Every structure is written in C-alpha cells, then in structure tokens.
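Below you'll find a set of structures to go through.
Across the two complexes that follow, chain A remains constant while its partner is chain B and subsequently chain C.
What follows is the complex of A and B.
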C-alpha cells in the first residue's frame, strides 16, 4: 500500500467569500461553512472563529481537533464510512492543509474540560497552540438525546474539516511525503535480518464520550484488528472521546500518529514495521483479558519480535496495558510501553494504577498531575463557564486577577500517549 | 442472582433496582464495599476506576460484582486495592466535583451499561 501526503504549508488564515489557499494563506468562506454544517437539522446554531498562534485566545471546552484534507487521487475520500461511503483509504494521494486545524467546541456535559491556550504558558503545553485553528462551536436543537448530541458535534467537526480541506485540491503541495509498506512476507523477504516490530494502539472504547471509531465502526464492538498504518494516516480512525483532555488521541493525532511516523522512519533501517493492531479498552475485566489474549495471539501469528504499545487514558486502561505487556513478554516478545504518568503534583507517586514486573521498558510522556498557571485570556472561544470547571477542583485555584492554576490533565494533548505533543526529556 | 451493581448513583438504583446494592455515601465507600466483596470471594466484573482523571472526580461510581466463586482471585484483589489507593491519592488534593451531579450520574449509568452489555455477551458464551 502506497500513500502520498502532499503538504500545503499554511502560514495564515482569514475569512472571505470563498475557500481557497493562495501563497500559504488559507481563506475560509465562513457563511458557506456555516450553511453547509446547518444542513444537519440537529444543529441549531454554529459559531465559526479563528485562533492564531500567539493571540491571547483561550478555546474551551475543546471536543476534537481535526486536520483539513482532501483526497486528490485514489479511493478513500473524506472520512470513509462516516462522512462518505466506505472505500479503501491509505493509498493514492491526499493533500493536507499543513499547519491548519479545525477545533470543535461545545458542551455536551457540564464537566467537560479541554483547553487550548494560543499564547503564553498554556501554549507551551499543547501542540494545537501552533496550528492556525478554525474553531467550530456547535449548538444543537433542544431536546436532543445526549448520544445524538455527541454524534452531531463529532460529525460537524469532520464535515468542517472536509469543507475546508477542499481548498487544497488544486494546489501544488510544498512537499510530498511517501508512506509505502508491502505485504508482511514481502517486507520480511526484503529485510530478513531486521526485527519485526508491531504497533499495538489502545483506544478508549467505553461508551458515551469515551469512544473511538474505525471506518465508522464503534471500536467498542471489535476484537483487536490488524490495520495497515496508512489507513490511520489517511482518516480511517476518528475520536469520539471528550474526556481525558491531556491524553485522549484527537482525530488530528490519529491522522498524524507519531508512533506510526517514527516506525516508518526506521523501517528497513533498524526494524521491519509489520503493522498496527487496534485494541479496544473495555471496562470489564473479562473484556480486558479477552483483548489481551487476542492481541498476543495476533502478535504471535504475525511473527513479531517486538511490540510497541501505546495507551489511551488513565485508570482502568492501565490494567489492559500491563496485562498486554505481561502476556507479550511471557510469549518472549520484547515489549515497550508508552504511557503518561499520574504521579501526583510532586511527581513522586506511583505513576500508574497497576504495576507488572514485566514492564521493563516504559516511555513516559509526562505527568498529568503537574500544575500549570494560566493567565487570563483576552478572548475566550466557547464557554467561559467551563473555566470554572477546569479550575474547580481545589480551593485557591483562581487568583484575584483571573490567573488560574490547573493540572496538565485539562490541557488538550499535553501528555499525548502516542507522543504527538510538546513534552520531552532532556539530559543534564 | 449472577451479578450485582454496587453503586451510590440514584439513577442506577432507579433503573436496576433489583440488582443494586445501594451505598448511601461516597465513591470511596463504594470502592471499599467492592473490596470487601472481592475479599469475600465475589468476582470483580468491572474495573473500579474510570478511564480518565476527570471522571475520577465524579461523585458517583457503579461497579459490577459477580457471584461468590468460592475462591479469592488474587489479581482482582490487587486491582481493587490499587484502585482504592489511587483514588485516595488523587482525592487528597482534589474535591469531588458536585457542580455537575446530573451529568455525572448519566455518564456513570451509560458506562455501566456498556459493561453490562459486554457481560451479557460473555455470559451467553460461557453458558450461564
């Protein structure tokens, strides 16, 4: 399977009468976008705004972030199985408005959080302070059942990204990246001496506000499934997750999954990238055991020498992570885990809710309990009342001048467990 | 009765009254009751913790407990004990979010129902 990603570098964004890119400036037809979204009769009102890097703007509560794209060659247009009919994605050519993002905002429940600060201290912690963001704030019609409400906002974000992505259709990209991986036997014949490495990607799949979709299929209903990495890079995986702001995988992060990109970079050099297994995280212990056994079986069938496992969320998914690790190591498959830590404000507590002696290679993507101080914003996009939710966890979190303290937990993508974020390690 | 829901969520009590052991108290008290049941050889069907910190601040929690297995399951004991330690550690520096009680009740119910659905599939497969 061969996928070309043509990146059109976006350097600024503005509203206009039509949607197009010229000299790196993305112009968005605001009225056209709103009219297109309102074709969904469940949507009562839409506010569309722009947030640029450096502006004293706070976006809250963020639901999802999506990269605007368009398919220019081959099948798999849009988000297959969701905004368009199901066709095979992961091949052909896709143009990306690189540096732009659609950010959906909207209260579905009162305790939602998820903040993006475009400037200052907050901007340091979220990767989406560096993107030129079109914010889409959705109000739905009254009386909508909560699952339908969530679906409406989720689909609106995807449709907005598709609408804006069309601007890249006729534009010559600034760079073209090629991702090509043949069948497993083919690649192994090419690189017989390199270790076969699989990527196991865990997804939150536990019900309302805690879901992930693959080709539109709710991943709660699947057994662990083998995927070609190109499919995820080409819109097959969608986030329906509105909790765990710091470590949920937004749709944007699925589209740009750092683990996949890094494994691709080492393919044929240090390792043989054998594929991706998508693994649902259940709430029941029997579900967790079933998934762990099934994943290890697939890894064995595919002849993996090594596996990299990334988690999504914190708490009960820690059990899945360590069960999978233990069973893989027992099967003599070397295993590396990627997870964030919930290690208390001083970083000294036990980082996960579970432990296993077999977890000997663990990459930490940051401490979600780390406290950050965010100055007041000049402009808030979304619901200013959500700021109280954000800071409402303990006394003294909001100072007189409006400065507030919150944990990284509330900042979108701050401790991304697939490594698409700003935190890194430094040697002293 | 094969399984029982230990909960402090009134919405769950309303909907599943025949299968509920209601705890008129905090999430911590729910977790402690779950731990006691696991020590008394009941199976732990659903994980005591949610999947995110935000839901950890919820005032409501429902956990599914199975029948008496006749044996203590050490893995399950470890999971429930660790869950309580982890919960207390977080709540030492946080307050339960009481501003959004109704939403937390609704989310707790929907997450519980996901688990119940999964269990039904399993019980069909294992023949009871």
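What follows is the complex of A and C.
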C-alpha cells in the first residue's frame, strides 16, 4: 500500500469570500462554512473564529482537533464511514493543510474536555498552540439526547475540516512524503535480518461517550484488528472521546500518529515495521482478558520479534496495558510500553493503577496531575467557566482576573501517550 | 483500605472488576464483579434477573468472608 501526503505549508489564516490557499495563507469563507455546517438541522448556531500561535487566546472547552485535508488521488475521500461513504483509506494521494487545524468547541456533555492556550505558559504544554486554528463553536438545538448532541458537534468538526481541506485540492504541495509498506512476507523477504516490530495501539472504547471509531465502526464492538499503518494516517480513525484531555488521542493525532511515523522512519534500517493492531479498552474483566490474549495471538501469528504498545487514557486501562505486556513478554516478544503517569500533584504517588514485573521498558509521557497556572487571556473562545467541570479543573479554578489553574489533565495533548508532544517524567 | 482493615484483624473481601489490580494492591479475598461503570449490577438485564445477580454477588462475598484462606483467593 502506498500513500503520498502532500504538505501545503500554512503560515497564516484569514477570513474571506471563498476558501483557498495562496502563498501559504489559508483564506476561509466563514459564511460558507457556517451555512454548510448548519445544513445539519440539529445545529442551532455556529461561531467560527481564528486562533494564531502567540495570540493571547484561550480555547475552552475543546472536544477534538482535526487536520484539514483533501483526497486528490485514489479512494478514501473525507472520513470514510463517518462523513462520506465507506471506501478504502491509505492509498493514493492526500493533500494536507500542514500547520492548520480545526478545533471543535461546544457545550460540555461528557465533562472531560480540554483547554488550548495559544501563548505563554499554557502554550508550552499543548502541541495545538503551534497550529493555526480555525475554531468551530457549535450550539445544538434544544432537547437533543446527550449522545446525539455529542455526535452532532463531533461531526460538525469533521465536516469543517473537510470543507476547509478542499482549499488544498489544486495547490502544488511544498513537500510530498511517501508512506509505502508491502505485504508482510514481501517486506520480510526484503529485510530478512531486521527484527519484525508491530505497533499495538490501545483505544478508549468504554461507552458513555468514551469511544473511538474505525471507518465509522465503534471500536468497542471489535476484536483487536490488524490495520495497515497508512489507513490511520489517512483518516480511517477518528476520536469520539470525552476523556481526560491530556491523553485523549484527538483525530489530528490519529492522522499524524507519532509512533507510526517514527516506525516508518526506521523501516528497512533498524527494523521491519510489520503493521498495526488496533486494540479496544473494555470495562469488563472478561473483555480485558480476551483482548490481551487476542492481541498476543495476533502478534505471534505475525511473527513479531518486538511490540510497541501505546495506551489511551489512564486508570483502568493501565491493567490492559500491563496484561498485554506480561503476556507478550511471556511469549518471548520484547515489549515497550508508552504511558503517562497519574502520580499526584507532588509526583510521589504510584503512577499506574496496576503493575507487572515484566514491564521493563516503559516510556513515560508525563504526569497528568501536574498543576499549571495559566495567566489571563485577552480573548476566550468558548466558555471559561467550564473549567469548573473539566477533569483536571475544579470550582473556583478561574480567579477574578481570569487566571486559571488546572492539572495537565485539562490541557489538550499535554501527556499524549502516542508521543505527540514533549513532556516526560524524570526520577530525581 | 482493604489491607489496613485486614491488618486490624477484620476479615475483608474486595469486590472488583479488575482483579489484577486487586492482586497487585494486596487483597486476599477477591470477588470478581461485572464492569467498571456498574460493578455489582448489569443494566442489560431485566430488574428481576439483575436483582438475582446482585443477591448472588453479595452472597458470594459473604461466603468469602466466612471462608478460611491461606493465600490470595478468587471466589468465582
């Protein structure tokens, strides 16, 4: 499977009468975008705004972040199975408005959303302070059931990304990246002496608005599934998660999964990147046991010498992570875990909910409980009071002058367990 | 809490969904339960069947309390 990602570098965003890119400046037809989103009758009102790196702007509560893209060759237009008909993702050519992002904002439904500060202290902690953001703040009509409410807002964000992505259709990209991986036997014949390394990506799929979708299928309903890495890089996976903001994998982070990109970079050099196994995180013990056994079985069938496992969320999924680790190591497959830590505000508490002696290679992506103080913003997009009900926030967290305190828990992407950020924990 | 109560000499049973965590925190009498959002219930059952399920789980826990053990024991 071969995928070309054509990056069009975006250096600024402005509003205008039509949507296009010229000299790296993205112009967005604001009225057209709003009219397009309002075609969904469940949407009452849409506020569209721009937040640029360095501006004293706070966005809260953030539900999802999405990279605007357009398919220019091959199947897989839009978000197949979600906003468009189901077609194969991962091949052909996709143009990306690189450096731009759509940020979905809306009323709290699942109360675990997040904050993005575009400047200063807050900007240090979130990767989405460095993107040129188009924010879509969605109000839905009254009386929608909570799941429908959430779905409406999420879909609006995805559709906004599609609408804006169209601007890249006729533009010559600044750079073209090629991601190509043949069949497993073919790649192994090419690199017989390199270790076969699989990526196991755990996804939050716990119901109650905590779900991840693959081609529109709620991953809660799947057994662990083998995917070609290109599919994830090409819009097959979307976030539907109202979980702690710091380590939810936003749709943007699926589209740019750092573990996949890093494994690709080493493919044929240090290792043979054998594929991705998508693993749901269940709320039942039998679900966790079944998933762990099934994942290990797939890894053995695929002849893996090594596996990298990334978690999503923390708490009960820590036990899934360690079950998978223990069983892989017992099967003599070398295993590296990527997880954040919930180590208390002083960093002294037990960092994971579960332990296993087999977990000997663990990459920490930061302490979710670390408290940060964010100075007052000149402009707030969304609703600053929502920090009182966000995970990582508390009532009274916003002072009179607009200063806000929160744990990293509430900062989007602050402790990303796929490594899409720069934080770790160090032992002193 | 489970460990401290037991240390004081009172028998205790840990009813939990993720029994690997029960073991790693040092519980000795463990009753596996249904799911994290509803440990001792199951909203998919009708109310009669759910009542039976809850009663059965509590009975199992009481039996566990009354059972002498010498090592970590799951009451399934």
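FYI, the second predicted complex is superposed on the first by the 402 of 428 C-alpha atoms of A that agree within 3 Å, B and C clash if a C-alpha of one lies under 4 Å from a C-alpha of the other, contacts with A are read in each partner's own complex, and residues count from 1 in each chain.
Keep this in mind: contacts are C-beta pairs under 8 Å (C-beta built on N, C-alpha and C of every residue); 3 or more make two chains touch, one makes a residue touch a chain.
Being a predicted model, the structure only gives us computed values, none of them experimental.
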Chain C versus chain B on the shared chain A, clash or fit after superposition: clash
Touched partner set for A:288, first chain B, second chain C, both or neither: both
Touching partner for A:347 - first (chain B), second (chain C), both, neither: neither
Chain B versus chain C as contact partner of A:319, first or second or both or neither: both
Which of chain B and chain C A:206 touches, first, second, both or neither: both
Partner chain in contact with A:109 - chain B first, chain C second, else both or neither: first
Touching partner for A:384 - first (chain B), second (chain C), both, neither: neither
Touching partner for A:16 - first (chain B), second (chain C), both, neither: neither
Touching partner for A:183 - first (chain B), second (chain C), both, neither: neither
Of chain C and chain B, partner touching more chain A residues: B
Partner chain in contact with A:54 - chain B first, chain C second, else both or neither: neither
Contacts on chain A seen with chain B and repeated with chain C across the two complexes: 206-208, 283-285, 288, 316, 319, 353-355
Parts of chain B lying in touch with chain A, wherever the complex brings them together: 44-58, 64, 76, 78-79, 82-83, 86, 89-90, 93-95, 97, 99-100, 102-104, 106-107, 110-111, 113-115, 118-119, 122
Interfacial residue positions of chain A with respect to chain B in the complex: 109-113, 146-147, 204, 206-210, 220, 243-245, 247-248, 281-288, 312-317, 319, 342, 344-345, 349-350, 353-355, 368-369, 388-389, 392-395, 407, 409
Footprint of chain A on chain C - complex, ascending: 17-21, 24, 32, 34-37
Complex contact set, residues of chain A against chain C: 206-208, 283-285, 288, 316, 319, 322-323, 353-355
